[in-house]
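As written, the chain order gives the labels A, B, C and D, with residue 1 at the start of each chain.
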Amino acid sequence: MGLVSNIFKEEDIKSLQGYMGIGHNRYSTMGASKLVNCQPFVVDTAQNWIAVAHNGELVNAKSLRKKVLASNVGLSTKSDSELITQLLSISPPCGEPEGANWPSRIKRLMNETQCAYALVILTKDGIFGVRDPYGNRPLCVGKILRSSDNGKECAGWLLSSESCSFPSIGAEKLYDVEPGEIVQLTRKGVSRLEIVQPLRLSDPTAFCIFEYVYFARADTVFEGQMVYNVRQECGRQLADEAPVEAEIVSTVPDSATPAAIGYAERSGIPYVEVLTRNRYVGRTFIQPSTRLRKLGVARKFGPLTANFLNKRIILIDDSIVRGNTMAPIIKVLREAGAAEVHIRVASPPLKHPCYMGINIPTKEELIANVMSPDELAKYLGADSLVYLSVDGLQSAVRKGIQMTTSKPPGHCTACLTGKYPVELEW
Amino acid sequence: MGLVSNIFKEEDIKSLQGYMGIGHNRYSTMGASKLVNCQPFVVDTAQNWIAVAHNGELVNAKSLRKKVLASNVGLSTKSDSELITQLLSISPPCGEPEGANWPSRIKRLMNETQCAYALVILTKDGIFGVRDPYGNRPLCVGKILRSSDNGKECAGWLLSSESCSFPSIGAEKLYDVEPGEIVQLTRKGVSRLEIVQPLRLSDPTAFCIFEYVYFARADTVFEGQMVYNVRQECGRQLADEAPVEAEIVSTVPDSATPAAIGYAERSGIPYVEVLTRNRYVGRTFIQPSTRLRKLGVARKFGPLTANFLNKRIILIDDSIVRGNTMAPIIKVLREAGAAEVHIRVASPPLKHPCYMGINIPTKEELIANVMSPDELAKYLGADSLVYLSVDGLQSAVRKGIQMTTSKPPGHCTACLTGKYPVELEW
Amino acid sequence: MGLVSNIFKEEDIKSLQGYMGIGHNRYSTMGASKLVNCQPFVVDTAQNWIAVAHNGELVNAKSLRKKVLASNVGLSTKSDSELITQLLSISPPCGEPEGANWPSRIKRLMNETQCAYALVILTKDGIFGVRDPYGNRPLCVGKILRSSDNGKECAGWLLSSESCSFPSIGAEKLYDVEPGEIVQLTRKGVSRLEIVQPLRLSDPTAFCIFEYVYFARADTVFEGQMVYNVRQECGRQLADEAPVEAEIVSTVPDSATPAAIGYAERSGIPYVEVLTRNRYVGRTFIQPSTRLRKLGVARKFGPLTANFLNKRIILIDDSIVRGNTMAPIIKVLREAGAAEVHIRVASPPLKHPCYMGINIPTKEELIANVMSPDELAKYLGADSLVYLSVDGLQSAVRKGIQMTTSKPPGHCTACLTGKYPVELEW
Amino acid sequence: MGLVSNIFKEEDIKSLQGYMGIGHNRYSTMGASKLVNCQPFVVDTAQNWIAVAHNGELVNAKSLRKKVLASNVGLSTKSDSELITQLLSISPPCGEPEGANWPSRIKRLMNETQCAYALVILTKDGIFGVRDPYGNRPLCVGKILRSSDNGKECAGWLLSSESCSFPSIGAEKLYDVEPGEIVQLTRKGVSRLEIVQPLRLSDPTAFCIFEYVYFARADTVFEGQMVYNVRQECGRQLADEAPVEAEIVSTVPDSATPAAIGYAERSGIPYVEVLTRNRYVGRTFIQPSTRLRKLGVARKFGPLTANFLNKRIILIDDSIVRGNTMAPIIKVLREAGAAEVHIRVASPPLKHPCYMGINIPTKEELIANVMSPDELAKYLGADSLVYLSVDGLQSAVRKGIQMTTSKPPGHCTACLTGKYPVELEW
């Protein structure tokens, strides 16, 4: 539990033996944030020990759970990732004996549950990487070269959700795992085994569009394009869709910066910083009075007053979820002397829950279900507020896409449109 | 991991809801001392959640494990207690549907594995207490009365390995669970459901005799007699079997004190304390030189020099396992001026490993397999050393026994005699 | 803050350089139990760095503090031990320049404050050991021999409050530091420098009698006699002073055991254990109901019921301070079937606060100021209760004394009699 | 020891009583980073308790220390801040009795030591704020209004090194404390008591120019100008002094961003982000191979490859001290496809140690003393490297200055020029 760099010390890593390993930095969606739910799940099976890490959330978790319990397996957690692990270890009661034929077991699993997951499975036969048939969760393959002790260069292979992790250890991205694809990493290299199609064959792929908007790191590359550039393009699109007269364009640092730069570029209005981020404000700060509590979020940001005194500001944010953080920021800017503050949001209003692995609040908590943009502007103390359109977002995403997979790229926009790529189970 | 009073704080206990609970202060035998092996094991099953705590060790753990894995259950630990938990959740493939008929499931389990265990099983239908058909591990039932808020007295029922836990919370012992017996605790009271006989019906019961010698707390009552008095009787027996001329009888505090008092009483030689125990010496003490390292254990004890100067001491110990602790104690006594030191051990030599839940070292580490009593006396620096005989121990145990169970009481002496009560699996 | 063995790890000790060192395991009297008051106090002075550890409490702390503050020194704590440290560093304004003449500075200090302290002072010129002119706090010198790397034996010298610490590291006691004496330990050995007399020359020495009664470890030797034997003699004396008809004599383990054995010996009534001590009960235990809270202390002790059922018990305690712990013990014994319980206390009633280093509650909290012995017996639920007389205690202390110092041994009985050895300052 | 928000929890703050308080988040310069050196220093004096927090370093610490020790005060740390505290408590031996006349004591202190310090001193008479006569360390006064329980608005006053702390709690800056000024904060308000001139009256003030370059937060206002704008102006100045042909100007995030924006603005070359900052890389990261160790710093930054592929980059950094961090960043950019990398440093070369409170490495470690700019460019793998001139920096600092103090503003440039504002003591 906690930050990886606090938990794993150099001596922990040094004590590891062997040449394969998996890990997962879990952001809990189903199954509470408790030690018992930490991944990978490690179990002994009739085919030796396996370990499984799972990014995503199973849309048919409830019926799967009943099925596993009915097959006499006691489950020690409420996590859907334990379900996956036990399903892999179960042999079909009256089929061919599979033994340690992991690809066969994995395909069987993929037919039982279709969405949403990226998996890494550690077995004695290597590490298997799996992406669900809809490609909802990302997964990519990388390669690393290092000089061994005898001077020869030797290669290693890696799986990661985001390509940005590769350069940080001196590795490079090879390719995205395709929707439904199973790959196998062994000492000898990486094999692309097979692509499992969705049961409903006509279904398009549905890569989570919110990875572009918010989750992924800006230097990650999905579908051949850098996330930063998609966000910047969203900013340009937003400048076209929602222009406003002002002296400066600015950002809520750091995540909205590419969109702000894109907006500034397209609109011709200069990009100017209006807030510094206080790196030392944590969650535990003391809030002695209602007045300070209201400032709350604003304490994270210091106003660069001289940069915006008596000026009209277009303030870009990447997304608005609950709407809690923006009001105090606007208040800080106004009190410090901003003439006007116009909010432009570089993504469409978030209106629907996600059942595929993204932790989005309930419908009632999503501010876009409660207020119109104009009402929200008033509530936040802004002079105006406009969201990017769904079409605008999709066109920004599609603009730079490069065909890296065999299927035409489709995107899940369920949280924005309510159109889920697969049937949900209630 | 750690001492109960360090782990569970008042607020943890207060946050508990409901009217039933189980816990286990595990002293690891099979399965390493790791967080993952902490008990109780809690699993969701087709018959709702259950929790299981297990004291003991299964003599057929290996074949059971194979069986469970073959039935498609992935096991997340190496613990035999997890085996028990999964076996309880498995339905027989082609038998009657048992559903949540826990007594039926427990009986099935008891036929699969016969020794050694005491179990408490928490289900929606109450807590089940189970003792293996050989009665190797202890388990007893207690009752507590407390005034409820409306002034009425209300009763609660308890299960515990040792009866000494009852007075400490104001409860009292009702009776020992019999070998093979299943009891059920609910809100309404405690029901004695059934007694499962060993598969080899002629087998006698085999309650662990080492509980009397070493493990149990002195104020615990087994089979109608207080452990303290059995130990005292061992001392008396030892005085008969192994007399020696001396001025004083003494103890290695605190565990050998009842035996020492018994020896003094029978021999007529006065009981005198020769050592104080240093409460502050922990395991982490610093040992800067070989000389101090040799003193090692002795640092736990301060010599009460004036009590034994120029006197012959009979020093009683409760048992000798590896023989590491006695030599430095004798050295301390001799250097402080003891005329002679005669060791009398209030139990027979420990020669065989235990496979039923007691953590005894390997044969090679057991000093009684390496040296005769005379060799050991010489090695330890004692003037003589005599163990209690196996017959002497058995007669001391039987002397005060009161028939509290329906079967004649038998005792497992495997660690002393090598005669195991059930077949072992290699 | 905490237990020495938890704070100082082997690597801490190994990292120490040099051949001299001091430490203090402080039980706070004046100055709260806070990190800032941890000893030794280390200060840089015009005569280089010194470190001071102080056992005791200064009776003239208030006026000394004013004096030090008036001399322009800012004090960073409320501790009287910091006063001592600063007084050592202060040069007399218009006397001879003392420089690093530490004996001269120490004598000056001893004339400023006469009671109560044992000091160890680490300087570049060695370690000085100092006992106040009244000898209220104990201090003794020990010697240790160890083989050096070249095979030669080399000697070290030690200072300690209690001699029991010497055998635990393989050292032996040489002698008690005399009241008012200054000794100096260097690489070459130990020198007895000088004895400073009390300003009121006729005053007798006043070694704290409560060290015998309660504080010291039983294997410590003061004034040539082992503390255990003094306590045993108190038990004998108590048997003479306060006999009662009963079947058994017993102890509240462990501190009252020597007195109980002495009482049994003199009275001819057998010594029998009635309580086991639960080693695992800490302070943090949960007390869910008034009923359990009342049991409170009793939870530390398990009743050895079979040893006292239907018997009359003489229960010896070493002292009664607040009287909180005895009532629940008596209740446990009675509920388990004791016929009668007679309390005999192996020390006189505690009636007066200590201003010399022993942490005794206020007058109002001392139960002996609130109830007569008979009232107390009734309050505790005992059949009778008798204290040892002051004369009895003094005669028990004097009986085995050996003249190890030049002055006739006198004892401070202030907490029992209200007669303080020096004038107090209010 | 540690981050404020980790150390002080809400309950710690709530437990505070009274209406005045001081604290110091110390970045150790003289006196190691140890608990004992934590500020404020709190001492009892003949004039009651005082507490002192000190930002800065005393240039005459050595001779002051000798003086204090000679006056019979034992010092418990090596910190120069303890010297200040003790000097405040010392009364002059043969002057007028000062008593609790704190302004008089503070003036005496300021004549003993002239540089460098900002002090806050908590006494029973209020909090005194003091800035050294050279104004080397910053200190400013703020005001906060809050509604009290009865609905009335009540005011509080604050002292802070940087004005940016005021808005974060809803307060506002009133004015800079002037060089040599003593202010007093009480319940009634803030009084400007007096300005102490330097002993060498002709000396100009010497506010640390490195506060502008590196230390202060960008939203702090010194001398009437926002630090962000000074850094931006440094960037503009640098564009004038050191132009170079390139497609993009960028920054090493986050501290060099204002300078990069200023450079882009003046040069007309677009400002483009080339690196993302990885918020999760701490100090404890594991470095399993030499190759990764070399990447080291680069792991903090992810390359935004698509933004700079085949382009010439002007990379702005705020300062270069040891030169360790830049080489791997350049390597990352080159490997990801940058055509050229030109380093422009928005401050002059750092060549001399600071003795006034800034922790600058030794001369030998300062890369500017070891290599010329061209050598450094080669060493770092850059195509060119140019520093801002000292004149350029000074003109950027002076450009926006507003006279907020009575003396003409002067700046300490010792670390850049070797010209120290006061005499040093060796």
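We adopt the following convention: a contact is a pair of C-beta atoms (placed from the backbone, for glycine too) under 8 Å apart; a residue touches a chain by one contact, two chains touch by 3 or more.
Chain labels with UniProt names: A, B, C, D = Amidophosphoribosyltransferase.
As the structure is a computational prediction, the values presented were derived from the model and not from experiment.
Enquirer: Any chance you could name the chains that touch chain A and chain D both?
Expert: Common contact partners of chain A and chain D, which must touch each of the two, are absent.
Enquirer: Which one of the chains is farthest from chain A, going by Cα centres?
Expert: Chain C.
Enquirer: Determine the centre-to-centre distance between chain C and chain D, using the mean Cα coordinates as centres, and give it in whole Å.
Expert: Between these chains, centre-to-centre, one finds 52 Å.
Enquirer: What's the distance between the Cα centroids of chain B and chain C, rounded to whole Å?
Expert: 38
Enquirer: Centre to centre, by mean C-alpha position, how many angstrom separate chain B and chain D?
Expert: The mean C-alpha positions of chain B and chain D differ by 65 Å.
Enquirer: What parts of chain C, by residue number, touch at least two of the other chains?
Expert: In chain C, no residue touches two or more other chains.
Enquirer: Can you tell me which positions in chain A touch chain D when the two form their complex?
Expert: Checking each residue of chain A against chain D gives 3-6, 8-10, 13, 146-147, 164, 167-170, 217-219, 221, 225-226, 228-229, 254, 257-258, 261, 271-273, 276-278, 280-282, 284-289, 291-292, 295, 298-299, 302-307, 332, 336.
Enquirer: Taking the touch rule as given, give the residues of chain A at its contact with chain B in the complex, in rising order.
Expert: These residues of chain A touch chain B: 35, 41-46, 50, 69-76, 78, 85-86, 88-91.
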